[in-house]
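The same subunit A turns up in both complexes below, where it pairs with subunit B and then with subunit C.
Then we have the complex of A and B:
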């Protein structure tokens, strides 16, 4: 009996040694323009978690059009966390795959959106077409670059921002707003599947006069390609984009990563997380970080999806579902 | 270039100023000349008139050409900068659309079903790997040559040891399956039924996570380390004496998994129960069940300390209650030329047999501490087994505690790493390029002791050995991942038995067993 006791003690000790320093792998499935943000953030979080627990965390990133990314998770891509462009895409994961509860958005502050952004215009240096507002995008000689709202979360923000402007301009006349959007998309010759693809189209392939872009994406383009190449035009009215984050409960539980995944998202609200968001041209939620980075953002009147469209579910159904307004007005 | 091309025809039609001036001059000079020369005859006047006419015609042609030139210049204006930019944009848009189409085509190709053919077999599956079907196979052609075959028919033999097509796969991502029929299974002297095709493995496994899986069907019971090693990765042709005391394949349900990336592996299940070294048929032999389980820990597996990364220690065990007596609860009986239950040598000859009328009775439990170690070219495996079984005949009953142990090791001479899944040659066999694969030397020692209480009421001490000790050495030549050639020598000595007669096990235990094995193996 003593032999077996010793054996089990030996096994226990060995297991304790092995359990001492774990290497934890997380998969963050995100949308297109967050690559740089999460590269910075993952390194910071890994340092934080190592200091706190002694464990190593390696966070793999997956990026693409937000809608496509959500569909991948629904189809089985094992994401521990999702950080997508809009709440509707995470709702789809909750509803179709039941991988997280329907009230997921209540689990973190600010409706689980640790940072915000908006939609601006990136134009060629000197703004040769004189683009100042949404009206300028429907002129005959203006070529507009924006991704496909059927696959890209950013594109849906672009579309809804333009629609919100048209409603504002035409006294909430839906028919006129619809005509405005139709004319705008007549000026769009290429529909990329994601925001990063559209940036490539505009910046690298030199197509178009104006790129409808996430604010952070526009700043990154200037940072990367030089201030002598592009200007940012912030229209007087745009939309408040709130990209949310969530733990994919069932996947995290299955992979034994729930605790780390939760901490990973919570740390986005920390001083360091907020600072990284600001540094990557997202609008931080915290007052401290928002004040620090305020200088890099132009003033703009922001409307919300809830105010103008009654929420994402309604907006999705009316505009982007198969047979919706976008399908009706856009002829490739 | 475009500008050049448009100017060229204009240049050809451009009037020569010198020619025009000359013609005009002539028009003025000729009348004056005529007036001064009143004596000019009528012929000259006519010539002059003709010349004047010709000059007028030429002048008209010049005017016409000038007019044409003006028209051409009006219609053939050079493109504006705006038009060039517009064209440039159109070309860029077309190029980008083509680029996106190609991306789309590539993405669509990724969604196509995948077919793979390689050293790991053939497989085809959906693009997302949620559905996969794979075909593998094992073929082993053996020879056994005994120093003294002791009139055991067929023990000196060339045999098809294993011939198994293996179908495995996954459905709906989390459900795995395995189906392994056996068409070989040749055992010297065995009845023809021993080589009848049979099902070896047939199970469905639900993988909730690596740490939590549930398996149902027929598969290896989780007790013995050597028994759990894949047949194609054994160091020798046959497993050692220690495997005589653990269950082989059984029918049941098993909960199993790997925790912390394989640092701790566990398996626990409920099975029909089988005798030592037995394979279950496709139905149980009794109404009661057997519980089998195993824990195996590789404490350094996830650390960076390579010398201990592949050190594993574990313990397996079983407990079952055979309330309805049956010989199927006793050890295997398919070796040699006998159908009696008993234990077998490396050469698959029976050296111990229960006498007729002995049956399994009541409790049967096993315990097996075990360990393995792999580091570079070195491999070591050790295992100890206690098989405690109640037996009875018409007059007596007893609790017999049989024990066995083994230790085996190997060294890859060509420097490749030895692993639990075999050796992968750095330079697969290709004599044209001077590549010869990998060579491994292996050695093994094993003992099996039968409880002394087995004699004489349950086994005849005159014919059955009470213990066997075996050592073996061998050379394994890995030509590549799929082809392997083995040669080994094994010597087994016995205590007890050895009585006169030509029947098994007496004939086997009369002399030490010395046997030379060879094997040619295909596994993919």
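Then we have the complex of A and C:
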């Protein structure tokens, strides 16, 4: 018991010291593949904020599948800011928990998305199955790895990109697009709950011929594991993925962090913020950073959710809600 | 039961073979068992340490020199330090009531104690989200009073307690039942109070069994993943325990780091196992002399 007592005393001291060093704490609840991005960015923002105000900012991170993370915020995870994979998940926080206004997406430039990305294919070196386009994914002998669209934001972008391709190919015939998606998901042996889980399934456990991945996630896998292991295949048509950011008003107000939380998101649009996004393989919004990093992105025709599906609310309801198209076509 | 040796004392020098199987069958069975043990237990265990030291001893210790890792270790110890003593008190109380007294609803109580064993850990976590989450039963009230339970340390401790609830009680109930009530009855007759009976008679009788239960409870408390994962919120440096931190490191392509932290957990498990064996022996020896 003496040991426990000592432990408690020690812990007590540790907390006391932490309380003396005045610093602002923020919690950024984010989706899966942004770990490296925000690790870089949080350090940069802390420097910026220290120079500007003299205060120390420590940004804590929580990562997971985008839908799961939104659910945690709804259930009471006190995020000052959310940086999720798609607008629908932040809409859900606004609707179900009323923690921020419904028109949150209008508060920052570019639909509150400081960087964009798209969906590409990561294949084994030399592309042994010759995968060039979405068509190749439904071939009988191709094993596709993608996360679960019910919990993962990236997975929903994957699904919608494939659907957009099928609509384009079959002259906007919904039934044929549905059949295409059904055949595609027949080739999927595992549905991980988040994008990073799928990446480790593909790269570490060596399951599958092709990983449907965020462009940044595919580049990062190559950076981590070497150019001799994988190739990136950018299909001719894909979807413009816009992962938005927002201050969670009620939480920030309660914790007295509104000002710094706002600045944290605005700084993403600064030259430094944009450069960090480009360095981490996101497509920056600013022309300067976009030009600097243009060489790492292949040209691709990008369609948007608004054009093809009439917005996230409609897409979510038709495809991913309980009993939606995904539930109808996917039988494990 | 009367041991066979006392019946055939003279023939003890040449004991009869236990089985009549030919040697190759016996060796085959033993071989299969050893192979299985090796493949599914020893090799993975060794793999953890091989992976952990893949980049050398320096890198191994470098992994632990990280604020998030240290915080995960700290949180795991805090959680165990709260959950285990509380479950210990509860376990003793429950076992005492069940083994030494008769009352209505006893079987229901026994079943309830076993509940955490039969419920999936994920469900155990969800229970607390449904109860204490912002959209849950008590959520709005907690929010109003600014009390944080889930996605904070109290939630992690609660979930851990729920999952490790049965260990002490389950260990003590059969032991106390086997010991019977005679010694306690004698103490009462001689004028001891309930409290005295417990401290002087019951506790000394069950101490090794109790220690065994506490060790098991502690092992599970430090290793629990599922239930804690649901209520943690996964905030680095704040609400990650060792098992959750291992997953994060692994997902960040820091495989050596993940295995290094996992090796700490493995090491704790091995220490637990050694302690457990020791407690078990003491327990058996004591029971032997007791008879």
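Convention: the second predicted complex is superposed on the first by the 310 of 332 C-alpha atoms of A that agree within 3 Å, B and C clash if a C-alpha of one lies under 4 Å from a C-alpha of the other, contacts with A are read in each partner's own complex, and residues count from 1 in each chain.
Convention: a residue touches a chain if its C-beta (ideal position, glycine included) is under 8 Å from a C-beta of that chain, and two chains touch if they have at least 3 such contacts.
Here the structure is a predicted model, which means the values were calculated and not measured.
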Partner chain in contact with A:62 - subunit B first, subunit C second, else both or neither: second
Partner chain(s) touched by A:227 [first = subunit B, second = subunit C, both, neither]: neither
Touched partner set for A:35, first subunit B, second subunit C, both or neither: second
Touching partner for A:291 - first (subunit B), second (subunit C), both, neither: neither
Which superposed partner A:206 touches (first subunit B, second subunit C, both, neither): first
Which superposed partner A:76 touches (first subunit B, second subunit C, both, neither): both
Which of subunit B and subunit C A:196 touches, first, second, both or neither: second
Subunit C-contacting residues of subunit A that also contact subunit B: 7, 11, 75-76, 197
Parts of subunit B lying in touch with subunit A, wherever the complex brings them together: 89, 92-93, 95-97, 99-100, 128, 130, 173, 208-209, 211, 260, 263-264, 295, 297-303, 313, 315, 369
Subunit C to subunit A touching residues, read off their complex: 74, 77-78, 81, 85, 129, 132-136, 139, 143, 148, 150-151, 233-238, 248, 250-253, 255
Touch list for subunit A against partner subunit C, complex: 4, 7-8, 11, 27, 32, 35-36, 60-64, 72, 74-78, 96-97, 196-197, 200, 204, 224-225
Contact footprint of subunit B on subunit A as seen in their complex: 7, 10-11, 14-15, 17-19, 21-23, 75-76, 143, 189-190, 192-193, 197, 201, 205-208, 254-256
